[in-house]
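We just call them A, B, C, D, E, F and G in the order they show up, numbering each chain from 1.
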Amino acid sequence: MEYVYAALLLHAAGKEINEENIKAILQAAGVEADDARVKALVAALDGVNIEEVIEKAAMPVAVAAAPAA
Amino acid sequence: MEYVYAALLLHAAGKEINEENIKAILQAAGVEADDARVKALVAALDGVNIEEVIEKAAMPVAVAAAPAA
Amino acid sequence: MEYVYAALLLHAAGKEINEENIKAILQAAGVEADDARVKALVAALDGVNIEEVIEKAAMPVAVAAAPAA
Amino acid sequence: MEYVYAALLLHAAGKEINEENIKAILQAAGVEADDARVKALVAALDGVNIEEVIEKAAMPVAVAAAPAA
Amino acid sequence: MEYVYAALLLHAAGKEINEENIKAILQAAGVEADDARVKALVAALDGVNIEEVIEKAAMPVAVAAAPAA
Amino acid sequence: MEYVYAALLLHAAGKEINEENIKAILQAAGVEADDARVKALVAALDGVNIEEVIEKAAMPVAVAAAPAA
Amino acid sequence: MAHVAEWKKKEVEELANLIKSYPVIALVNVADVPAYPLSKMRETLKEQGVLRVSRNTLIDLAIKKAAQDIGKPELEELAKHIQGGAAILATNINPFKLYKFLQESKKPAPAKPGAVVNKDVVIPAGPTSLAPGPVVGEMQALGIPARIEKGKVSIQKETVVLKAGETITPQLANILNKLGIEPLEVGLELLAAYEDGLVYGPDVLAIDEEQYIQMLQQAYMHAFNLSVNVAYPTKQTIEAIIQKAFMGAKNVAVEANYITKDTAGDILGKAFRVALLIAQELPEDLLD
């Protein structure tokens, strides 16, 4: 999950999610970055609208709260 | 949310969540770390069972269904 | 389930789901393909909108919460 | 998802999930295999109990059916 | 359960569920048909909407989810 | 589903599930048996512990829905 | 049989012929059935059978004669079930269906002293239409908690006055009739039925339909499970098979945090939810 958190950190900080940035973060965290996984992650996230995805992910919590109201 | 992601990254990597480590990650992400907030975060997370929270987060279905009870 | 995975692989890759293609994949996986099973699967998938079926499977959470409202 | 299907096909067939086998399957399906993604998948699956995770799988489908009541 | 499978087979095949047909199937399966059981089955299923009954069986969720509605 | 019912009938009657027996049952039910489908079924069931497989829910529904109850 | 009256011989002959001409021969008790329901039943059965009332002794002779004529000694067994005011119901309807049909055709009937009820008789709580009078004392004597309320007799508590199988006393019949409760059932009571060498008693013929429905559902689920679990596709299961394969693949990918188009949402979502839940535990001024 380290790779995913690194990507989300970059997203939250408004920085570009690229191999270099992810590796820098992982290194700073003392994690030895696996080149292939970093590459694969960046490739997989290409074209993914992160904002939208995490909004949807937060939804079940919101929906769950509704009926209780 | 950057601070939280940094903390979660450390947790996932099995590293200690302390001020120094969090600052290092934020810096690598190009975020200017606010000393007071980092301190407060570390203090606040002390006593939070992150593993438990992760488990809860992995089960959106159950969470969603709960209020129906 | 090997046969079904092969079919879904073809679907995901945007290739035609036919006997020949499924057999080629199974062979590459070192599985001896049973002609009759391949035929039966291809026949059963005829007319099925896989994308739609998968979508139905993938979107449960919000729906699950709905009736509780 | 092609890569994942290839991995599960190998699992279902009782074959080893390694880079070589995954690539062979993808090739047979006419997919140009991306080295980094294949490597990343193999690395990511290391330590995952596939059998167990698959068993957990089907439930969202069922939940999705609920509003039919 | 043989008798019930025979009845479902007739239903799936669009044939009438009557004593003669059930006995023919059981005989073909090498089962010595008990007259009274065949008669009882046919009488019990008389007027039963099998399609509806098995649809309900296919969606146990509906039952489980019902109290949530 | 006719073919599956025929196989289950044989299983329930303690008879061997083979092509010949399945065809005999289908014929008795007035269904024209498709050779490939019969073959595919027999192949799919080869080595399968039927008792176990029929009890294993294809969609473990109730578990997911349970918290809603 | 020289001393037997000519009409009796003829009657036995006719009954025997009737028995021989239908596959299913049932004995029904018509002792307590008034004429109207009886003729109604004849009409309903018209297409599928004949109902003949006769003397028990003649029915007995006719069954034995028919059994001999067609060489089916098993049919003689049926004669042992003759009781009450027996009648012959000769039909094409399978005995189980016939039993079901006769049960469903029964109608409620008023209480009669000496009759046996076949289900519990309950007097419901609440007001009745009865005016105050000696009836209150009569009820209390039978253990029915009656009282005068707002000028009417009222029952204080739901009371079971008879259990299934018990006999109605004259006192209770009187009360039940006053209350308009009809604890009896009138209709043809099936004593036994013969078909194809077998005599079926009512205990065998009373089938639990709910149980058959459950068996149907179980059988269907077994077929469904088998089809999906061994990936043998049928029209009814192909979708479930695809979904099972897809969900299995997806779950494995999500568990492995392997991001694809289909898992990006779940994996990022998982991480985001963790962050969100953690954030909820933090003091507000820590968050943006």
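Rule of thumb we're sticking to: a residue touches a chain if its C-beta (ideal position, glycine included) is under 8 Å from a C-beta of that chain, and two chains touch if they have at least 3 such contacts.
Quick caveat: nothing in here was measured; it's all calculated off a predicted structure.
> Quick check: more C-beta contact pairs in C-G or C-D?
The greater number of contacts lies at C-D.
> Determine how many degrees of rotation, between 0 and 180 and to the nearest 5, align the Cα atoms of chain C with the equivalent atoms in chain F.
Copies differ by a rotation of 165 degrees.
> Just how far, in Å, is the C-alpha centre of chain G from the one of chain F?
32
> State, to the nearest whole Å, the distance from the C-alpha centre of chain B to the C-alpha centre of chain F.
50
> Give, as an integer number of Å, the spacing between the C-alpha centres of chain F and chain D.
Using C-alpha averages as centres, the distance is 27 Å.
> Where does chain B touch two or more other chains at once, residue-wise?
In chain B, the residues touching two or more other chains are 1, 5, 8, 60-61, 64-68.
> At least two other chains touched by the same residue of chain G: list those residues.
If we look for residues of chain G contacting two or more partner chains, we find 219, 221, 223-224, 231-232, 234-236, 240, 243-245, 247-250, 257-258, 260-262, 269-271, 273, 275-276.
> Under the definition above, what is the set of chain F residues touching chain C in their complex?
35-41, 43-44, 64, 68
> Any idea which chain D residues touch chain C in the complex?
For this pair, the touching residues of chain D are 1-2, 5-6, 8-10, 12-13, 15, 21, 24-31, 60-61, 63-64, 66-67, 69.
> What residues of chain F sit close enough to touch chain G in their complex?
Residues 1, 3-5, 7-8, 40-41, 44-45, 48, 50, 53-59.
> Which residues, counting only chain G, touch chain E once they are in their complex?
Its residues touching chain E are 94-97, 99-100, 195-196, 198, 200, 204, 207, 209, 212-213, 215-221, 223-224, 236.
> Within their complex, state which residues of chain G touch chain B.
The contact residues of chain G facing chain B are 269-271, 273-279, 281-283, 285-288.
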